[in-house]
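The same chain A turns up in both complexes below, where it pairs with chain B and then with chain C.
Take a look at the complex of A and B:
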């Protein structure tokens, strides 16, 4: 077990290094940070001097080695755009993204599960058909469009919910939360729905398919023959058996919710790390871009690691055949 | 002068106490109104000399003050300086008489020494404002309220460079170790990035970068009390969301209104839109100086031929771009100079109507009967509809046989191409912060030498004109100077150094009952807001 964990950790480190290297070499194609940092009066000499101060004239290998050495110590340098330490900047924006991801994850899971079970049980009902048709919209419309549509309906026309921002936040010292104020909670609704809609549809369709599969199984027929109530059969036996793959997928989707929050955050002016990243790309703020990509890689690596370890705990076959681990 | 004494009067009134005084105070701050202001991006920093950038200056103008201000009609107005002029005995010295009775937000009185400190700070190696103060040799406080700026030579227009150079307090800067602007290589955040101590009409009550900034009226400010007592400033990056926030009543003023939404907003009940020209001209430029083009499919340089340049001018249908691309929101022009700039005339502004037949004849005459191929570089996120303007012109050039390959990219990739002379043909917009032709000549017309010609991607080089431009910088006789400006423009127009398209229009949308005039530098001041209620 210990050797397995160590091996997985080692692999994770290699993955992180590769992500850092790839993202770092991509920045050369994003543009010249110096041209956006200096005003239009700057001379060639001014630009050259700033380039030298930033270390942009050093060879690629030196820049990368420097980046990794400092990143390992948690120092990602200073933002070219906002002139604040990148680590502080990301830590101050992370709570907004994590709260949004958590709420939209819960929304997607709970609603997806409920609707999935309903449409599986009432397969031929008109409501089920309507839900299934509507869910096609959820998977096919781009997030951006859904966000703008929701803003127009709920903020402009009905004026029920705010169109942008995070509302009033409460500072807990190391975490700024919007969950404790009414305006903070109201602000969460539209972005969470926008972000979670795709995942919700995915989970709903998955639950439905799994449910239909399980409902045809012999043990369900036996359970019904035993005269158990519908409730006990559907929820006690059928649903329980559909949950294993659903939980796996949901766990893996959590990573993409955090990563895909970029678009939702931009549409709703949500002050999270995704919006920070987009603004940084436009300004060629290399330190922030590098730190963000490494952070997202870390999120995926950690989630995958946990999932792998869970498999190891759940599935006894993996323990017998170590060679197959991690696949 | 009565304005200056207002805060003092209020202070002494407050000392008297009593209900009547409270009533009087209530009347004095009648405009206890909050304004919620949104635009596309936030100020990058509160450090007034670290970034020479529009939105940063726009916010800082509320917190800090400059010696002279820029009114919405483009003229200079007194701010911290009440009078200014060239020293009567020495034309290399600028004299500034400072306003008396001004205090910083922390209560320290404003003195000449603060101006000395601030101008020196603006000239520091890490300052982004130093380009505007290149001709300054030294700054001296003659007495508590007089400052002499010693220039390297006569500099008749130096005062025009001061409209965005903010005055800080020396003691405050020393106390917080911010005597110089942020050095990015330093790796640490400077105190001045998120804290400020200015003399401006508003103090910073809350600053959460890119989320929310709250400014409150500074009771001891020297000027007339503005109607707006509190400003809540929120950047909203997405066009659709920004407009939605105005329509849903969550913000009162939206500064960057997308061109395609202007008409719809004008027709919406409860919303008014103010438009006005921005101090920024949009133009195409081509490499007319090199022997060979980098992207053309013909030998030599077709742009070097005056006939080709004339043909390209005749192929540009500015009215069509105005109607189709800009939906009426632009002022087509025939000169690379916004109308506010000293040197602008109606004759220069006139532009020719397109004549495709004549253009084709000219091309044939120049030896390109079948045209040629070339690449046009355009930004796609810097100016209003920049990419669409270029696309439209590509179609027009196609009609006369010039086959253009359009490369559209983000500004951080586009501008280095011009700075490094890696493009043959490009779109550029030029704002003129000094409101004088000199600024255009220095950067766009003069040959590339030292601090001049940095943006001369036309590779235009005319030694005679270079001399005139240099002489212009030190000519103190304004009449002679204006004649020289006219001569230089005549030559630039004759040589067709640029292909001007239009001046951009700015649009501010706001809740009905509010009025805010458009500022040519897109730096509106909330002290100019008035309420009709």
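Take a look at the complex of A and C:
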């Protein structure tokens, strides 16, 4: 088990290095930050001086080594645009994104699981059919359109919920949360639904498909033949087996939620890292973009690791505590 | 004669399909007496498993019991509400399925699965259920049962898992165990052991067994009586010794002729020409008539019902209809 974790950690380090390399080299080609920073009127000498100061004249390998060494220490340099340390910028924006992602993740998982189980158990019911049809909309409509539609219905027409921003936030010193104020919570609803809807329908369809598969399994038939109650069969036996593959996808979806938050944050002017990234792209703010990509990669890697460990908890067949089949 | 434990009367099971309704079981009747072993043989698709599933009320929809009745100690059980039927499953009728590798839930220990079943049906404490589970596993031949009980199914071999399945089927002390091809998925070397365990433990507890198999050899050694199914119909039923040694239905004779024996020298095993008809294409009259070496006109027109032959035997064949058309036609 320990060897397994160490092996996975090592793999994660390799993945992170590759991502760092890709994001670092990629942004060398997106445009010249110097001209954006200094504007049209700057002299050639000014440009050269800035180039030198930013280390842009060093060989690629030196620049990359420098980038990695400092990144490991949590230093992603200074934002070209805002002239603040990138790490501070991201940390100040991260709570907003994480709260949004967490709420929409919970929304997607709880509702997706519930509806998936319901539509699997009541396969022929009219409500199931209605839910399945409606879920097609969630899968096929692009996120920004859903966001705009929700704003139109709930913010403009009904005026129930705010259409942008985070509302009132409370500063906990290291974390600024919107969860403690009514306006903060109200502001979360629309972005969270927008961000989670696609994931919710995906999880729901996955749960339904897996559950239908499991319900056909011999051990479910045998559980029924032993006279166990429907409740025990459906939730004790079938659902637990359904969860094994669902956990993987859901875990990876959590990563996508954070990554896709870019669009939702843009639509709702949500002051998170996604919005920060989009603004940085416009200004070719390379340090912020690189740091953002590395951060997203880190999120995926960590989630993957957690998912693999969860497998161990859920599925006893993976625990190598005793010899495999035999005796 | 005392009231039979289980009585199946004119059972009809139908599966609606797009191309019409298929009759998987067509008016089958038989009894199982208390403590006896009834073998049920037939080719794949003859309706053996569906009969078993019909008895415990677990026919896969859209299939349904379309006629007849099933009585357990004189009480109808085929029309019970689901909750009442659930209390019969496991508690009064246990079931053993074909494949022990897939019959157990991989995510629960053996102890959890047995204790859950015991406590569903018998009002005993967790500790009491656990003690019973250990004793039962010990009885079905799991070595070091007390230590192994907390293992997961994947820690056991196929034969051991089938012993666990048998323990599960018997843990709520049912009066009848339906064993649906319990050894088909196992190595030949452990098949006999599993059958022995099943037979012994049921005999000890006075539970009757309905043993579904296509292995006539297993039936001959294990069963008290045997029922032969063909295309969803009962061909012949009777004491196993009589049926094996002196089969009356031409189909049963064909089946017996296809079993290799050590005592007689055969050049070739006999085989029955043709194949069992598909359910959507059952011939008029006797379902076996196109393959039957002794078929005559009446067989192609009129369906034979089982005819009592004395000694508890019944045969669905016009050859034995004394008052029938055969004599009339000849005379």
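In the analysis below, the second predicted complex is superposed on the first by the 288 of 327 C-alpha atoms of A that agree within 3 Å, B and C clash if a C-alpha of one lies under 4 Å from a C-alpha of the other, contacts with A are read in each partner's own complex, and residues count from 1 in each chain.
The definition used in the following text is that a residue touches a chain if its C-beta (ideal position, glycine included) is under 8 Å from a C-beta of that chain, and two chains touch if they have at least 3 such contacts.
Small disclaimer: the values here were computed from a predicted structure and weren't measured.
Participant: Considering only the touch criterion stated at the top, classify A:232 as touching first (chain B), second (chain C), both, or neither.
Facilitator: A:232: touches chain C, not chain B.
Participant: Given the touch rule stated above, what does A:269 touch, chain B (first), chain C (second), both, or neither?
Facilitator: first
Participant: If you stack the two complexes on chain A, which partner ends up touching A:224: first (chain B), second (chain C), both, or neither?
Facilitator: It touches chain C, and chain B stays clear.
Participant: Which partner does A:108 contact after superposing on A: first (chain B), second (chain C), both, neither?
Facilitator: neither
Participant: Report for A:241: first if it touches chain B alone, second if chain C alone, otherwise both or neither.
Facilitator: Once the two structures are laid over each other on A, A:241 reaches chain C alone.
Participant: Once the structures are superposed on A, label A:193 by its partner contacts, choosing first (chain B), second (chain C), both or neither.
Facilitator: Neither: A:193 stays clear of chain B and chain C.
Participant: For the overlaid complexes, name the partner, chain B or chain C, with more touching residues on chain A.
Facilitator: In the superposed model, B touches more residues of chain A.
Participant: Examine A:165 and indicate which partner it touches, taking first as chain B and second as chain C; both and neither are also allowed.
Facilitator: A:165 contacts chain B only, not chain C.
Participant: Which chain A residues come up in both lists, the one for chain B and the one for chain C?
Facilitator: Residues common to the chain A contacts of chain C and of chain B do not exist here, since the sets are disjoint.
Participant: Touching residues of chain C toward chain A in the complex: what are they?
Facilitator: My answer: residues 56, 58, 82, 86-91, 94-95, 97, 99, 102-109, 116-117, 120-121, 143, 151-152, 154-157, 160, 165, 168-169, 172.
Participant: Please output the residues of chain A touching chain B within their complex, sorted ascending.
Facilitator: Chain A residues touching chain B: 30-33, 35-44, 46-47, 49-50, 53-55, 75, 77-78, 80-85, 88, 148, 151-152, 155-156, 159, 162-166, 266-269, 271, 275-276, 278-279, 282-284.
Participant: Which residues, counting only chain B, touch chain A once they are in their complex?
Facilitator: Of all residues in chain B, those touching chain A are 41, 44-45, 47, 50-53, 125, 128-132, 182-190, 193-194, 208-212, 234-238, 240-242, 244-245, 247-250, 381, 410-413, 415-416, 419, 431, 443, 450-451, 454-455.
Participant: Using the touch definition up top, name the residues of chain A that touch chain C in the complex.
Facilitator: Touch list, chain A to chain C: 217-219, 221-230, 232, 236-237, 240-241, 244, 314-317, 322-327.
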